[in-house]
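Going in written order, the chains are labelled A, B, C, D, E and F, and every chain counts its residues from 1.
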Amino acid sequence: MEIGIVPIIPLGFAFFLPLLGYFVKSRRVIELYALTASILTAYASWKLFIMAYSSEEPLVYFVGNWPAPIGITLEVDRLSALIVLTASILFLLAMVYSIGYMEREKGIHYYYTALLGLETGIIGALMTGDAFNIFVMFEVIGAASYSLVGFIRRDGKAVEAAFKYGIIGALATSLYFLAMGFVYASFGTLNLADLSAKFHGIPFPVTVKTFGDPTLALAIFFALTISMVVVKSANFPGHFWLPDAHPAAPSPVSALLSGLVVAVPIYVLARYLYTVFPPEGEIRGVISAVLLILGASSAFLGSTMMLVQRDIKRLVAYSTIMHTGYMFMGLGVLSFTGLMAVTYHIVNHALAKALLFLAAGSFIHASGTKDFEKMAGIGKSMPFTTFAFVVATLSLVGVPPLNAFFSKMLIYDALVERSFALGVVIIITSAVAAWAYFRALVYLWRGKPREGHHHEHEHSHEGPHGHENPYMALVMVVMAVAVIGIGILSPMLIDRLAIPAATQAMDYRSYIDAVRRLAERIIASG
Amino acid sequence: MNFESAFLNVLYFSAVIYALAFILYGIRAIKGPTTADIILAVDCLSFDMAAFMVVLGIYFKSIMLASGAIILALWAFMLDVYYTKYVLYGEVEV
Amino acid sequence: MNPLRRFSPATFVIVLAVYLFYTGSVSEYDLITGSIVALIVSFLVDHWLVKNESKFFSPRRWFHAIVYGLRYFLIEETKTHIDVAKRVFTLKANPGIVRVPLDVESDYGKVLVANSITNTPGTVVVDISDDGKWLYVHWIDVSTLDEKEVKENVVSYFEDYAKKIFD
Amino acid sequence: MISFLLAYITITLFAMLFLGIYGVATRSNLIKKIIMLNIANDAINMLFILIGYRMVFPVFPPVYEKHITFREFLEKSVDPLPQALVLTAVVIGMAMNILLTTYAIQFYRLHGTVDARDIAEVMRGDDE
Amino acid sequence: MIELHLLILVIVVSFGFVFSYLAMKEHDLLKALALSSVQSTFFALGFYILAAPDIVLAYLAIAVGAYTALVILAISKTERYEVGE
Amino acid sequence: MKRDILVAVSLLVAFLFIAYAVTVKNVLGLGGAELRPLGEFYLSNAFAHEGLTSHSPEVVTAIVWNYRGFDTLFETFVFFLAIMGALSVLRLTDEQEKLVRELEATMPHRQMDLIVRATTKLVVIMIIAISASIALHGHLTPGGGFQGGSAMAVAALLLFAAFSKFTLERKGLTLKHTISAYAVGLALILATVLAPVFLYNGKVLEINLLPGEMGLFNLDVGEYLAVAFGFLTVFLVLGIPEWVFKVVLRGELND
């Protein structure tokens, strides 16, 4: 199979969706079209996953047959293939869920266009092997997610959140663009493998020397990139947009934003820190300290803010800040265990957080309000949703047989290697988060329906519905089973998936060699 | 004194005058008590810039760079029309 | 309606000329692509740009246009420049806005008159009445308020040529 | 002389970049935020092009013309890669402008203000 | 001779900085936009000096053309004056 | 106010650090007369007769659409997504569109005066010709699809301002047409990108459908159409008068 065609599939389908939506008024046709696109993408990424795990080296694809430093390279190793697979499956599920959730919205083709665009951006950012291409992919992700956040245009909060997210995201990616300037100025190339080769002093065709002061340039590059990642993945100083943006989006979109979109910048940072420029000397200590401090403070911030929320989606959104804090801390350890833990946590968190948002969205869809004190007692009438909600919360809190427990434990192990105090951060924040979830659950399950409950419907934008939609219930049950299944199979999956992924990601020599050998052959043949 | 050097001298002279005009227009754009003054200054500055670009193009002996000047002149016209319509009617595209 | 009636040869010529002028080369590729573009544009805009094709292709009008261009830029501009320069140094100015009747019929003629007036130093067209019959001109030296004399001083030179070229 | 001029240019451009960021962070009007974002982007673009510039005279744009020899072209032409990247960034910047402006307009339609401080009040009012 | 280019660039960036500062301080958004178009025009000259004709064409159409029109449209649909401190 | 000072101080610190790095340490490597090897490679290969060549004397376009065409494909996609995002904020259902037509019919058309209109006619025709020339010459002289397309969009904007939006709509330019033309442009780009995969088992974006210098022609035309009509689509919807849109929106909010 052509690797290069994987990100083109959703792109190509997205290109013609607005035209279709303008001429064909039937909702079913549009939904079927979008579903076809995501099924094809999921199939393609499954193939990609099989290929990546059966090959010893990273898969390399030269777009347009231009060899490495000249053209753009797609380079897929096990780490990215794993996340690509997770992403495309989650997108498929979210689209099925959307059929039920968006049944009362108008202009549905714009929604699916942006959703396919988001999928393209995420897959592209994970697959690419070019530093500048990552910038473009971030802008694809950005453009799609801003328009998805503001999709419910009659909601002033959503529009404001979309603007805030948009302007801060645009500024952050601009900074990353400036970082590209520093990289190109001193290393003279933009290819990740080539950059890694320059950094390690390995020869590479075409680009032969460095300019200026590479060490200082690298420091500035990391400063700018980390500030971009901090904003895009909502860690401590740059987190302020997330609690507005994620809850304001339609629930399936919130699930994808919280589960995947915040994980992509973290993946990129991991790629830079572990594969391309594994930091050495002074800079290593500084980067490690910065990441640990930022991660710990956002974990504390997220968990304490969870306690005071009444809006069910805001509660989950703050939990996302806490979990990106964990991922940052895991990266900050700069060890093999850290990378492995973060990889596995990205997958598990994506699944569990998406499930949590979908369940919350289902409650909102049925009750017509976002305030869980007002939807008291609704849990009893919606058994599947409640089951999904409980499974997801237990998993995120870290209850043993469920999936996120294992990845949290791995992060804990990685942190304790560095210092015991860091491990304590995870325990404390998890306990606080558990209390917050417990509070919400008690309201949902035990609370008595309040007086005037039915009058609330008029003011909310997602009107009451009453029963569980079959599409939504199906998706949630599938995902809950996956959460439990992955949890039970975890010891095996860690051995089979996470450890090979992390090993390959840290093996910069094979990462460079895979590209260099092919590039040398093409350049020699001319 | 052959023709080319004389021509170059004239070019130098006109380039300096254009550069001085930048400053005058700039002062008007900064001071301009009303919006109309600023807009007029921007407009004149754009055309001045276009002419300056042509002069530089001749000086560097590159035809390619002159295409930007044509475009700038056309765009400055558009800018004027937009400002004017906004100032006159409040809304632009009706 | 016959679709061929939409085709406007004058627009075709204008577009092709601008295309080739901007490109700066007359190769096979330019001629082919230019013709295609000009063909599409001239079908699209219909007779919106040029209403009367025969006027556009009349050599007499083109001759007048060239004569006018030469005389305007070489003689009239110089004269007014000297005049205004004198006024600047002697500080003799009597500015004011006057209303001038306009006899030219066609739109392009009016534009030519108005732009010629604005382009010469000392006079600026401020506005045109909605029916296009009156011009409001800011004049550096309002020596007379009589309509005919004003017209004689400000407009008539340009208007004669505008009539010859466009009417 | 050359290094002094270059230092002046780069420092001014960086100052402009930080001015833009400061403007985005502190101005309260949403449209003003967009204007300042563009200023920051412009500064970054100019810096990027400056990276590809060469201190040779006369300097050619990276477009091969028939009247110069290939060798001369190679010696005098600037680096084309930064220009290609900036072209991409300019387009993306414009795309973001369109999107953000639309949201600002839509917000004004819903709440009658584009001022961030008023927005905070409006939002607080909605919660209660 | 390359100093000549750099001198023009110095003028360009100085004007650009001054005008963007003024644009930030201006409370009338229409004026701020006009000031920032002065900055854009100077930057177009800057790109021109840096031998980037492609960028000049794209940048002029965007920054002087479409962007200005877009923001004027936005101003006409929202408010013209920024509320002071 | 306190926050402003905090932001200013932290930015100032960052600025001082970067200024030190750039001027004293010359991190950006400015001031040299030599090219970076990658740039030199592009310059010497872009229009060579054989080897890794893209047959285009315009090196920037060669990089933009050929060597790094993947970037540009996704850049077009960003532009597409942004326009669709704007449209999704300004979307109108069929009934709303009808209502907009009815309300707009009651409005006075504010055209500008005769001189501006006549001048605009000429200038618009000139801009269209020039934009086509920029776009179609993208692979030979400075320019390209994006530059030409945005120039074309500016011509349309000029028409919007000098005449009114309604004048154009009465002439037959509606959202349906612009969206269709946009899709045609995108289809051309996508076909050029994917054709090698299906035709001769090549790779994505391996452009040699047309011989020699004409290789980038397709992409130029596609991008030209896409950008021009993308802009037009947005401005057609943005140009709906404010009070009309407010009436429509109020109807939706009361549902």
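Simple rule for what comes next: a residue touches a chain if its C-beta (ideal position, glycine included) is under 8 Å from a C-beta of that chain, and two chains touch if they have at least 3 such contacts.
Fair warning: this is a prediction, and the values are worked out from it, not measured in the lab.
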**Complete:** Shared touching partners of chain C and chain D are B, F
**Prompt:** At what distance in angstrom does the C-alpha mean of chain D lie from that of chain A?
**Reply:** 28
**Prompt:** How big is the gap, in whole Å, between where the Cα atoms of chain A centre and where those of chain E centre?
**Reply:** 37
**Complete:** Chain-centre distance (mean CA atoms) for chain D and chain E, in whole Å, is 10
**Asked** Which residues does chain A have that touch at least 2 chains other than itself?
**Response** 132, 136, 139, 143, 146-147, 150, 153-154, 159, 181, 184-185
**Fill in**
So chain D residues touching two or more other chains come to 2, 6, 15, 21-22, 34, 47, 50-51, 53, 55-56, 58, 60-63, 65, 77, 81, 83, 87-88, 91-96, 98-99, 103-106, 110
**Request:** Give me the residues of chain F that touch two or more other chains.
**Result:** 18, 28-30, 32, 36, 38, 42, 58, 60, 68, 71, 75, 78, 81-82, 85-86, 89, 119, 126, 130, 134, 141-143, 146, 150-151, 154, 157, 161, 235, 238-239, 242, 249
**Message:** Testing understanding: with touching defined as stated, what is the shape of the graph linking the protein chains, line, ring, star, complete or other?
**Reply:** other
**Pairwise chain contacts, counting only pairs that touch as defined** = A-D, A-F, B-C, B-D, B-E, B-F, C-F, D-E, D-F, E-F
**Asked** chain D touches which residues of chain B in the complex?
**Response** 60-62, 64-65
**chain F contact footprint on chain B (complex, rising order)** = 64, 67, 70-71, 74-75, 77-78, 81-82, 84-85, 88-89, 91-94
**Fill in**
Seen from chain E, its contact residues with chain D in the complex are 1-3, 5-7, 9-10, 13-14, 16-17, 20-21, 23-24, 29, 32-33, 36, 39-40, 43, 46-47, 50-55, 58-59, 62-63, 66-67, 70-71, 73-75, 77-79, 82-83
**Message:** Which residues of chain B touch chain E once you look at their complex with the stated criterion?
**Reply:** 19, 22, 26, 29-30, 35, 38-39, 41-42, 45-46, 49, 52-53, 56, 64-65, 67-68, 71-72, 75-76, 78-79, 82-83, 86, 90-93
**Fill in**
Listed in rising order, chain D residues that touch chain A in their complex are 17, 21, 24, 30, 33-34, 37, 40-41, 44, 47-48, 51, 81-82, 85, 88-89, 92-93, 95-96, 99-100, 103-104, 106-107, 110-111, 119, 122-123, 126
